[in-house]
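Below you'll find the structures, each written out as structure tokens.
Two complexes are shown next, each including chain A; its partner changes from chain B in the first to chain C in the second.
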Partner chain A sequence: MKVIKIDKKDWADGLAKLSGGYRLFGPVKDKEFHNFKELDNGELPDFDFSNTKLSAKSMVFPQAEAMFKYSLDENEADHHIMKEAEKDYSPRAAIGIRPCDAAAFLLVKKNFDTPEYKDPYWINAYEASVFVGLACNNPCSTCFCTSAGCGPFHEDGLDVLLADAGDYFLAKVITDKGEKLLQAAGWNTEADAGEDQIETLKKEAEAKITASVNTDGLKDKITTELYDAPFWEDVAFACLNCGTCTYVCPTCWCFDIQDETHGTSGIRMKTWDSCMYPLFTLHGSGHNPRGTKVHRVRQRFMHKLKYYVDKYGDGIQCVGCGRCIRLCPVNIDIRKVCELMNSYEPADAACQVA
Partner chain B sequence: MQNPYLPYPVRIDEIITETEDKNLKTFKFVFLNPEDEKKFAYKSGQFGELSVTGKGEIPIGIASSPTEKGFVKFTVNKVGLVSSFLHTMKVGDIMGIRGPLGNWYPWETMEGKNVVIIGGGFAFTTLRSSIIYMLDPANRSKFKDIHVIYGARSPGMLLYRDELAEWEKRDDINMHITVDGTDDPDWKYNVGFVPTITEQKAPSSDGETYAIICGPPIMIKFTQPVLDNLGYSHDQIIMSLENRMKCGIGMCGRCNIGKEFVCKDGPVFTLAELNNTPKEY
Partner chain C sequence: MVGYTDKIREISERLLKEGTVDMVIGFRQGSMPMMNEPCFAKRPEDVEKLTWDSNCGINLANYLTDRKEKIGVIAKGCDSRNIVTHIIENKIKRDQLVIIGVPCKGMIDRRKITSMFETEILSVAEEDGKVIVKTGDAEKILEKEEVLQKNCAVCIHRNPVIYDELAADLVEEQKDIDRYADIREIEAMSPEDKWNYFDDLLSACVRCYACRNACPLCYCPTCFVDESQPQWVGKTTDPIDTKTFHFLRAYHCAGRCTDCGACERACPVGINMRTLTKKLEKDCFEYYGWEAGLTLDARPPLDAYKPDDPEDFIK
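Up next is the complex of A and B:
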């Protein structure tokens, strides 16, 4: 595959050219963290980060977005009838998305793009996007991507993979969409032995990842046995049900639909939601099938590490970015929970008969 | 790309207050665009999302039958924000419906078999749809004996009372209506809880009989052992579940029981299927 060398002195000029044809998104400094957002005119992405605090999922799946608009004014034609909200699906480009966040979109796509139903909001935004990934030369201590089907130089879900090589970037062309973007930026100098350079950096980065999970046993576990495992009380004990893990996660896709009315007009919105909240599953009758925090914590891990595994046969619903580990206020660690689940044998938990 | 979140606009054509406590109303809707009725082709057991503009959506079982044309009917219990507002709406008001959603009772599998319908309280809506469907002249010969065991707290809490009385008169359906109790001296049907009446009236299964049960959890809990005793295997006991829903198409993530979504993989499950999932309903 072709590798382009981008001198860092040509970087800003290239992005300026791109901004004519693409809405640019990238990591920028946000107080003491970095976050992924749409870049202002002339604003450059800041690559001095390990990973953004929130994942990049909002680029395709905004925290809140209008689906429909309506009028309650009976003097208006079409009152009370839902009409499509205006949308901008012009080309957009992620500049410097981490490979884990880009790979996460492929997992989430299975939920929103199904044979029976297609979520047009997610799909249109995804298809309008070009993903220029920034490989991780220095992964964090909480990264376990290499055992979660991903990696610091992982290419699935990316159109271009950028690797920082000091004075220049190496840009590996992965798709035609990526090639087109590089041409639009005017970056067209092929690197000498580019693939070899990238391979060296990749090996160095992968060697720095020490955390891992074992997932080989998950698919053969019996769902109801895992569900009834005795460790859930312990896992959930300190949980505050704050929902941070679900909001920062690149693969959490759950959402709510709400109508918001001002005067006689309003919008029907799709917003992020979280399985950590009691209201997520509360029936109108007052009954709640996931009424305790143990139910809710178990749902999060069972979804990612068992239900998804069984439903799609394509590994776990996690890319190993480690955000939920870093940001959990009570130090719940998905790697430990995964190990408990992966190694669980019901017989071990049964009471000994004297 | 078809937008699965966009409701078909409908007009409320008729509102019937069903029960003496006035908490259950049946809404008859007519599609504003006649071609939408064709797109809404459904089977008994499916549900729709009723969209009350400015309030939100609620998942409700379809009470009309596919054999009834020109309208769709939903019977709604007054419970939360959307259903309470819907109860204040009037004939002629405009709202929306999405669907049909979910799976249906296994009509193909049940052909040539006996069918026992067991319902309690207001969970009789898709069962009404099913009875109308089976009694349709085009369909009745597809099924052998049909039994219906339907109970409510009191005579005034039974849904569709006129239709129940008509079905009582027919000889091609065995009706077993019951109430938990009544002080009406003219009450001519059963008195007793649904599990008890099931024990007395339901045919035993010779492997040729399917039971469809919808009702409150307490009714289901005590009816299941009765069916076990009558010899029903768990793949011949059909249930319809409810959970909080938003999208109705298996995406928003809240109504799952294990890896199955009640909205898309259900709401109809066999007891055999439910035995293998977490009981989060």
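Up next is the complex of A and C:
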């Protein structure tokens, strides 16, 4: 595959050219931490980060997004009719998305783009996007991507993979979309032995990953036995049900639908939701089948590490970015829970309790 | 603080063995530097996991709400004050509790420490008032006094105000502390500057409500922000809705907040929403001479009618 060498002195120029044809998104520093945002005119993505606080999912799946607009004013001809909200699906490019976040889009796609159900908002935004990934030369201690089907130089889900090689970037072309973007930026010098250079950096980065999870046992566990395992009370005890773990997660896809009316005009929105919230499963009757914290914590881990595994057969619903570990206010650690689930033998537990 | 941990384990083991309590609520060592996880021990052998150090900033009173068991609870100064408030507000009964008081020497501010280093912190240890921080390529020794959580730096109730057992000798309380310097700065601002200050303060909020959920005072079965009939507040990160949440929540904590700092500590995006609760804490102190959670014998000022209230603020 072709590898382009981009001198860092040509970086800003290239991005300026791109901003004519694409809405640019990237990591920017906001007070103390980095977030993934649409770049202001002339703003450069800041690559001095390990990963953004929140994932890049909002580029395609914003925390709140208008789907419809309506008017309740009976003097208007089309009152009480839901009309599509205007959308901008012109081409957009993520500059410096981490490989785990890009891989997460492919995972989430399985939910939003199925033969039966299609979420037009997600699909349109996703298809309008080009993903230029920034490989991780220095993964954090909480990154366990290499055991979650991903990795610091993972290419699936990316159109271009950038690797920082000091004075220059190596840009590996992965798709035609990516090739087109590089051309539009005027970056076209092929690198000498580019693939080899990337391979070396990749090996170095992978060697720095210290965290891992074992997932090999999950698919053979019996769902009801895992569900009834005795460890959930202990796992869930500290949880505040704040949902931070799901908000910051690139693979959490749950949403709610909310109407907001101001005077006689209103919008219908799609907003992030979380299985950590008591309202998530509250029935109209007032009954809540996931009425306690233990139910909710179990749902999060069972969904990611068992139901998903069984339904899609391609691993866990997690790319190993480690955000939920770093940001949980009470240090509930998916690596520990995964280990408990993966190694759970009901017989052992029965002996222990007795 | 090895002494504290040993003593906590010893007391907890005794209480569980005697059957005085069904469970002890405390902290266990976290999986990340400067993080501990609230946990329970139900069997005497489980007490081995209990630990104590300067990373126990989460308020354990929050884990008592409406529990039915007999509970041993580890309580530093602020936790004990929130336990008092919980008892007054009928969220737990005094006779359900064996309070294992921990004379507190302050919690360290993990965000402040993190921001002092260029690279990721891999381990943090404590020794004699020093905090030893290791990153991949460096080691640095910090004075604990200089990296305390903001609320701990101005805390004047480090000793538990109510307890049945003690994990160590009482500590000397901090004296001559200017507790409200930060609040006075905001009070002195023009309305416009205040508005901008709050805009900026809350701009990163993702409405996860970790601050609310970490707070022992926020135990309503359905918070006003979660009500849907009527829906008081919109659900997005609209700045007005976000401010409505924060301002109203602060008012609901007025006269009850102990400035334990659990809210600020829990926030995933590092917002100091404590300035809001602290302003009300200051008002309660200045108008009513009231500090929350010091006694079981009086109700919080906004919760009680007194004909001789000064009411100076109304004139």
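Here is the rule we use: the second predicted complex is superposed on the first by the 350 of 354 C-alpha atoms of A that agree within 3 Å, B and C clash if a C-alpha of one lies under 4 Å from a C-alpha of the other, contacts with A are read in each partner's own complex, and residues count from 1 in each chain.
Operating definition for what follows: a contact is a pair of C-beta atoms (placed from the backbone, for glycine too) under 8 Å apart; a residue touches a chain by one contact, two chains touch by 3 or more.
On a predicted model such as this, the values are computed, not experimentally measured, just so you know.
With both structures placed on the common chain, the touch criterion links A:53 to chain C but leaves chain B unconnected. When both complexes are overlaid on chain A, the residue A:112 reaches chain B alone and has no touch with chain C. In the superposition on chain A, contact is made by A:335 with chain C only, not with chain B.
Contacts of A:72 after superposition: chain B is touched, whereas chain C is not reached. When both complexes are overlaid on chain A, the residue A:258 reaches chain B and chain C alike. By the touch criterion stated above, A:243 is placed in contact with chain C alone, chain B being left untouched. When the two complexes are laid over each other on chain A, chain A has residues 256, 258 in contact with both chain B and chain C.
Those residues of chain A whose C-beta lies close enough to touch chain C in the complex are 30-33, 35, 50, 53-54, 63-64, 138, 140-142, 234, 237-238, 240-244, 247-248, 256, 258, 260, 269, 271, 277-279, 325-327, 329-333, 335-336.
Residues 67-68, 70, 72, 79-82, 84, 111-112, 114, 116-120, 123-124, 223-224, 227, 253-259, 261, 266, 268, 270, 273, 275, 280-285, 289-290, 295, 299, 302-303, 306-308, 310-311 of chain A are the ones touching chain B in the complex. For chain B in complex with chain A, the residues that touch the partner chain are 1-7, 9, 32, 51, 53-58, 79-80, 83, 93-96, 242-244, 246-247, 249-259, 264, 276-281. Residue ranges on chain C touching chain A, taken from their complex, read 30-32, 35-40, 58, 62-63, 111, 115, 119-120, 122, 204, 206, 208-210, 213-214, 222, 226, 228, 234-238, 265-270.
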